[in-house]
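Below: a set of structures, written as structure tokens.
Look at the two complexes coming up: chain A is in both, with chain B in one and chain C in the other.
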Partner chain A sequence: MAFVAPKETYAGKVFEVAIGTDKPVVFGGENVLPFHSFEGNVPSRPVIAFEIQDTAPDDWPETVKKAHAGVSGDPVTWAKHCQDALGAKAIALRLVGTHPDRENRSPEEAAKTVRDVLAAVTVPLIILGSNNVEKDSAVLVAVAEAAKDRNCIIGKAQEANYKTIAAAAMANSHKLIAMSELDINLSKQLNILITQMGFDKEKLITDPMCSALGYGLEYTYSVMERIRLAALTQNDATMQQPMLGDVGMYVWKVKETQAPEADLPQWGSLAERGIAWETATAGSLILAGAELLIMRHPEAVKAVEKFIDELL
Partner chain B sequence: MALTGVEIFKLLPKTNCKKCGHPTCLAFAMKLAQRQASLDSCPDVSEEAKRVLGEASAPPVRPITLGAGDKAVKMGEETVLFRHEKKFVNPCVLAVEVKDTLSDDEIGRIVEGVLSSEIDRVGQKLRVDALFLSNASGDAGKFESAVKAVAAKAPAVPLILSTSNAAAAEAALKAVADRKPLLYGADESNADAMAALAKNYKVSLGVVGKGLDALSSLTEKIKGLGVEDMVIDSGARTAKEIIENNTFIRRAAIKKNFKALGYPVITLAQRDDAMLEMLVASLGVAKYSSLIVMSSVEKWKDLALFTLRQNIYTDPQVPMQVEQKIYTIGETSAESPLMITSNFSLTYFILSGEVENSKVPTRLAVLDCEGLSVLTAWAAGKFTASKIAAFIQESGIGDELKNKELIIPGYVAILSGSIEEKLPGWKITVGPREANGVPAFLKSR
Partner chain C sequence: MLIIGEKLSIIAKRVREAMLNKDKGPIQEIATNQWKQGAGMIDANIGPAEDGGEELMQWMVTTIQEVVPLPICLDTTNFKAVEAGLQVHNNEWGRPLINSTSNDPERFPMMEIAAKYNAQLIGLTVGKGGLPADAEERAAIAAEIMARAMEYGIPLEDLFLDPLVLQIATSQDHALHVIKAVKMFQELNDPAMKTVVGLSNISNGCPRALRPILNKYYLTLLTYEGLTAAIADPHEVAETVKTTDVIMGKTLYAHSYLEM
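What follows is the complex of A and B.
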């Protein structure tokens, strides 16, 4: 029996998204499952953005805090360090300091931080709120305005606050992250709601919600695979947005990235274990379909970039 | 591909004799299609029908057992391409390479690492399953003594004997054939000799072909020589080659019922860079390898891969559950708060993560709700005031607390009155609706 390679071709393709102005970065655009270049086009590689925040990362575990020591006290210095010393292709600025339970910074303060960071770097910027739905509506509107025409990604719009945030992203020519909670139908519904406002479907990025290795990763993994299959096999334009894996935030709070080896000798070296946790989570999600990753540890980013080199 | 009931019916005697215990041949055919009956129950079935049905009912990826005894592991039997369709069946085997060029000390260290690799995670025992002994020296005598040394040090661990030298293979097999090792392997140059060894010593055979076409011809040839239990290697070594070949192999087996590639896949993932090796092994875990060979044992790497394998091979239709009990997070005292939630693993993981973030030592009572989340369990009558009250009372936790106070999820605030009635002397406090509100809630108390 002669072997005939069972290739598959699909009706649909993932939208291609370009972000930034001076040094734009492109992701998405493939018409096959992740890294299936043997049966179709994979024009771009997944993009990894370095995560920074508007307050010093005192709440990050030691392993990853140490990796940004000396620069992370100030978002501008931190952003420049990521771009110049770490070779970041994009930067994700999370405005955690605006959260009412944290420093409760005003939208105006957040807008100033964004302007300062934008003035300091040329790589594309992803601007994230503090994941407080009410506060994010105000903060993200102000920062979208402050970053007008810089072709950033603004996020995250959720079911409870998408209207104001999508309108602000649209008015200031940004891309938008639409986040829902681990359910393909919720994800599709939110994309439909946002595009019904007149938001361009090709400027959306889907965040089906990340989870860390060992803490529900299989849910994110399968929701991503299902979204990608719907995009390709059903040519469903509400599912053809590139997907985000917001990896660092979910990984660097689980026990495996913090428990000392002295307490759990079976788990091995804490430093490597933390990096491995972020690396393996990110590595699995790009296999499931994520085109954009937000990560924290430079060594984890380096490992995933090497993996992508080998996959392409 | 499995036959339908009607296709099976056409092969049956169509006498409706009822000897099989079913009212008609059609009813029996339907049961056969659903694999709820065995063809043996039909006394009049033809040899032709037996042959056709036997072939069609064979699993698309042949089951292969590696090793003997308690630690033996099963590979193959997979039925789908994506884990959301149906559970991936046999979790891939993780093996570590031991080269016969290593010193006794180095061999001892690797074997010791494998023997002590077992950890317990969410009730499952996870470990490095096998040792991959490679004849890196090319010398039959060296291989034989390394195999004997490893076999003595690790008396129960399944073994893979990696050599293309038939003399070395035979020497090793003489020592350890009763442990049902995998002989890896046969290639175009030695297929006859290796197949003869696999047959004589009754072991499975690893088959290496350069590319899928050559590999298919080779497995057919070896099958013709009387060896049916094979594990296949397409020569894919880079991540790009692995995803391509493994995808084609799985599709060919499952969607085309292409028997020549219907065997478990072995992937050699060894890299000098341990982090990259972990990623290449992860690719094998997610994308269809049944046996993955690594170059080193590192506890952090093992933990990540065990966890990933567990995640990927979880049944998507059965929610993961954690055991019903009262968990303590941090150094709790009599003053520490007590919260209650459901035993859906995702709920537990997310909530315990947020509690850990809060740095407030807390007791977390996890009630068995058959793996449903809080709101779903409440709606299904599994997270009720009576069940909560019974659990809290039976646990005796009240005796350990200074103030008898129970914090319930915000979504079931409606239960607070009825729990208070059923738990006299307790104060019921309504906590946040979502786990992400927990740190602020705990800190503000």
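What follows is the complex of A and C.
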């Protein structure tokens, strides 16, 4: 008798999310563990968004700053470059300049930046605050309005500020990122609280909080894996949202992406090291179940896209 | 845990009057409430129904399924009424469950009907000789019911074994016998046999204030031993079911788990 590979069947399915209007991008929708297409249906591939900022990326390490040299001084130019020259399928605009410890830009200024970027590109936009809970609740409300009906992703809503941000995302027909800090139970709780406000559970994206290889990646991996198992094996509708890996921000601040070759020759080429670090972190998270990644280095994005091609 | 809503029983005065007068209002209201409180199936207990049972069961099945998208547990000793009910049952919302057959030859026609209509069937582990003494006797009767079900062509996964919950006030020993029986029944087949209990029988005859307490703690212990289904008041046991699911790792914990 020929060997028949055992197949799992799952009770649940990940919600399918479409973002953007002109060139909508779809992710999620699978009813199997990541890349288990031999067991069920995997209608979409994970989506990688290129990260840009509202201010020049002076604090980014050289390797990744160089990759965006000449365009990163202005978010509109930068966004167009990502779309046209780098072939970005989506763009993540991080409004770091609104942070009170940075340029402390006003919600109105942020809204203008968003309008300008939206006017310049056709790929879907992910609009991120500066991760300051008070400021984000003002900034993200203004930018959600500025981007009304463009079907963007707004983020990130956290336990301390989800009410205003979720209400703004709902009123302006956006998707919403719900972020909790590496705790599966709090992640579920936040999704419940947001949906209890009347926010559609199928318009949420879960961010269980990212971490870089060597800096707690295994925690993120494990939380993502358990969220996906709850979604699929327990058919838990509060855990069936696609997941985000906000990779670039975490990777490009660790020592391995910055330490010069002169100091640590045994670590090899700095440029290759940074790209490899972002690739390995992102690759791990798509194996854990992330459907949406935010990344910085074009070469790392290319490598992860190739990895996805091979796995699908 | 499959909760089979027990509230539509002829024993309840309001339900009995609605059945007599063919008044859909109360039946549909009770059915809807049970569905919203988490019932996965609705028990329609029309009693022995010697006169007009067929018509009554058909009326119950259609009246309930007009408003609630759930399968029905057809609860009567009148097998003609069961057959009539199955003829109008809407299988789009799940397969019906017959309540019940046993090891008493008078109840064997239920097997024939279950096979004919591809219905699921409760096998109450009693025979003609009176109540089983302990878990072992219940398991022996269960094995006989299983053998007979197979003769009738009923797949064992369609059979729910019921160890017969007795009143704690009069038969305290049986509370543990039943828990043990639930465990033993599962071992009678691979995949494990399904099990069901009439939960509130444990507290029958007890003071009203004690009944929910007895029912809920008993359900927890039975769930731990692997019980598949309980005929119970969904409102009363909702918290118990959700909490036990969390403790047993079947649902992921979140502070708001009771609200889900």
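By definition in this document, the second predicted complex is superposed on the first by the 308 of 312 C-alpha atoms of A that agree within 3 Å, B and C clash if a C-alpha of one lies under 4 Å from a C-alpha of the other, contacts with A are read in each partner's own complex, and residues count from 1 in each chain.
The rule is short, and it goes like this: contacts are C-beta pairs under 8 Å (C-beta built on N, C-alpha and C of every residue); 3 or more make two chains touch, one makes a residue touch a chain.
In this text, all values refer to a predicted model and were calculated from it rather than measured experimentally.
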Report for A:G40: first if it touches chain B alone, second if chain C alone, otherwise both or neither.
neither
Greater residue coverage of chain A in the superposed arrangement, chain B or chain C
B
Let me test your reading of the model: by the given contact rule, A:F3 touches which partner, first (chain B), second (chain C), both or neither?
first
Tell me the contact category for A:A230 with respect to chain B and chain C: first, second, both or neither.
second
First, second, both or neither for A:I192, with chain B first and chain C second:
second
With the two structures laid over each other on chain A, which partner does A:T238 touch: chain B (first), chain C (second), both, or neither?
second
Touch check for A:G29: first (chain B), second (chain C), both, or neither?
neither
Check: chain A residues flagged as touching chain B and also chain C 226
Residue set of chain A touching chain C in the complex reads 184-186, 188-189, 192-193, 196, 226, 230, 234, 236, 238-239
Touching residues of chain C toward chain A in the complex: what are they?
250-256, 259-260
Please name which positions on chain A make contact with chain B in the complex.
1-3, 5-6, 8, 35-38, 59, 101, 131, 211, 213-219, 221-222, 225-226, 229, 253-256, 258, 265-269, 272-273, 275-277, 279-280, 283-284, 287-288, 299, 303-304, 306-307, 310-312
Parts of chain B lying in touch with chain A, wherever the complex brings them together
82-84, 119, 121, 212-213, 215-216, 220, 238-240, 243-244, 247-248, 251-252, 255-256, 258-261, 273-276, 278-280, 282-283, 286-287, 298-305, 307-308, 310-312, 314, 316, 345-346, 349-350, 353, 356-357, 436, 439-440
